Amino acid sequence: PQLQQFVEVETQKQRVQLLVHHMTELCWEKCMDKPGPKLDSRAEVCLVNCVERFIDTSQFIVNRLEQIQKARPFFSESLSN
Amino acid sequence: PQLQQFVEVETQKQRVQLLVHHMTELCWEKCMDKPGPKLDSRAEVCLVNCVERFIDTSQFIVNRLEQIQKARPFFSESLSN
Amino acid sequence: PQLQQFVEVETQKQRVQLLVHHMTELCWEKCMDKPGPKLDSRAEVCLVNCVERFIDTSQFIVNRLEQIQKARPFFSESLSN
Amino acid sequence: QIAVANAQELLQRMTDKCFRKCIGKPGGSLDNSEQKCIAMCMDRYMDAWNTVSRAYNSRLQRERANM
Amino acid sequence: QIAVANAQELLQRMTDKCFRKCIGKPGGSLDNSEQKCIAMCMDRYMDAWNTVSRAYNSRLQRERANM
Amino acid sequence: QIAVANAQELLQRMTDKCFRKCIGKPGGSLDNSEQKCIAMCMDRYMDAWNTVSRAYNSRLQRERANM
């Protein structure tokens, strides 16, 4: 059980890190068309908003999918985890 | 042998599912520039044609590669499976 | 140890092959906008330069990262391998 | 398990596509028009996935019938 | 086994690139001009893969000689 | 080990992004202006990665506090 828990924690860590890399790429494309000599505040605000809106979008989609699932199941199993 | 067969079947299933996801992305880009309130018939025909032509393209490439292989081997092993 | 060495060598081979595939895609986009009936010499020179400059870029980035690491560690561990 | 992995994969790709399509410059909140766009994008993406799955399966069956 | 995996990888990436390049709006069949385009695209993609492999190997050898 | 994998991942993605951004048509050497562009691109990419990590962690903490 300790090994299993270790593996789960590490897998979860890795998933978070891949998500961070993915958001970095996505938000880099949305917010940094011309990298300048410094990270200006406009780009920084854009990056923070980009992360917040990406998570909002994920949550919006998961919630709406759960509702659709209840009404007319699209998938055979729950999407909640 | 039963476990092995199970693993092979599952691996094959997973490969098919990844192919379906890949074709969905590709054909989404080709056929759905502006998602509307309904899937109109033009987009639906485009999606079906897109899948058919993608498989045609795969088969055309594999067949032609096999012919090239016979004439002047490019790869050291067969590409057939 | 022999098995381990075999696995390491194969993993390394696979990494090299994925890198070659990745550079082929990247340099295909940079150098081959309109594939013609033959690989013309301009495209060939472009492809070779593309590989050379991609490796230069990798090395430039790794070297600069090592220098930054020495001054103010960004990562907790070395990036050298 | 594969069903869950499959749903996760769809979820990830759909989130990525719809975020790119519906969020131009990310603002201080997910406003109403963005939410509408995402909802529509989701529905169309799932339609597309369904249509692609069906087209692929019917092609597979035709191929098998011809063998 | 790695040789097969490598060929599969090349096949997949080539199919993707040549489909995107040669099939504009997918029609009711793979017409003649599309087939010609795919054949040419394949040949050039394999040329590119070969050229890239050779360039990479020659760079590797130069690096080793300098060590 | 995960820290190394994470750094490798960042390295790969950064190299790809900055190569695409800074090398127009690949020439006979990495010239001075390209090197400057890559250095700047690296710094901004790492800033972006840091900012994204921080924003993600602070969001996570807010979510946990609300539960």
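Letters A, B, C, D, E and F mark the chains in the order given here, with residues in each chain numbered from 1 onward.
The rule we apply is simple: a contact is a pair of C-beta atoms (placed from the backbone, for glycine too) under 8 Å apart; a residue touches a chain by one contact, two chains touch by 3 or more.
Quantities reported herein were computed from a predicted structural model and do not represent experimental measurements.
A.B. asks: Going chain by chain, each one touching the next, work out the least steps from chain D to chain F.
C.D. replies: 2
A.B. asks: Chains touching chain A and chain D alike, please list them.
C.D. replies: In this structure, no chain contacts chain D and also chain A.
A.B. asks: How many angstrom lie between the CA centroids of chain B and chain E, rounded to a whole number?
C.D. replies: 16
A.B. asks: Could you tell me the distance, in whole angstrom, between the mean C-alpha positions of chain B and chain C?
C.D. replies: Spacing between the chain centres: roughly 28 Å.
A.B. asks: Quick one: which residues in chain D touch 2 or more of the other chains?
C.D. replies: Where chain D is concerned, no single residue meets two or more other chains.
A.B. asks: Quick one: which residues in chain B touch 2 or more of the other chains?
C.D. replies: As it turns out, chain B has residues touching two or more other chains at 27, 31, 50, 52.
A.B. asks: Looking at which chains touch, is this a line, ring, star, complete or other?
C.D. replies: ring
A.B. asks: Using the touch rule from the top, order the ring's chains starting at chain A and going via chain F.
C.D. replies: A, F, C, E, B, D
A.B. asks: Which positions of chain B touch chain D when the two form their complex?
C.D. replies: 10, 13-14, 16-21, 23-25, 27-28, 31-32, 35-37, 39, 44, 47-48, 50-52, 55
A.B. asks: Enumerate the contact residues on chain D facing chain B in the complex.
C.D. replies: It is residues 2, 5-6, 9-10, 13, 17, 21, 40-41, 43-45, 47-49, 51-53, 55-56, 59 of chain D that touch chain B.
A.B. asks: Show which residues of chain D lie in contact with chain A when the two form their complex.
C.D. replies: Residues 3-4, 7-8, 11, 14-16, 18-20, 22-23, 25-30, 34-35, 38-39, 42, 46.
A.B. asks: Using the touch rule from the top, collect the residues of chain B that touch chain E in their complex.
C.D. replies: My answer: residues 22, 26-27, 30-31, 46, 49-50, 52-54, 56-58, 60-62, 64-65, 74-77, 79, 81.
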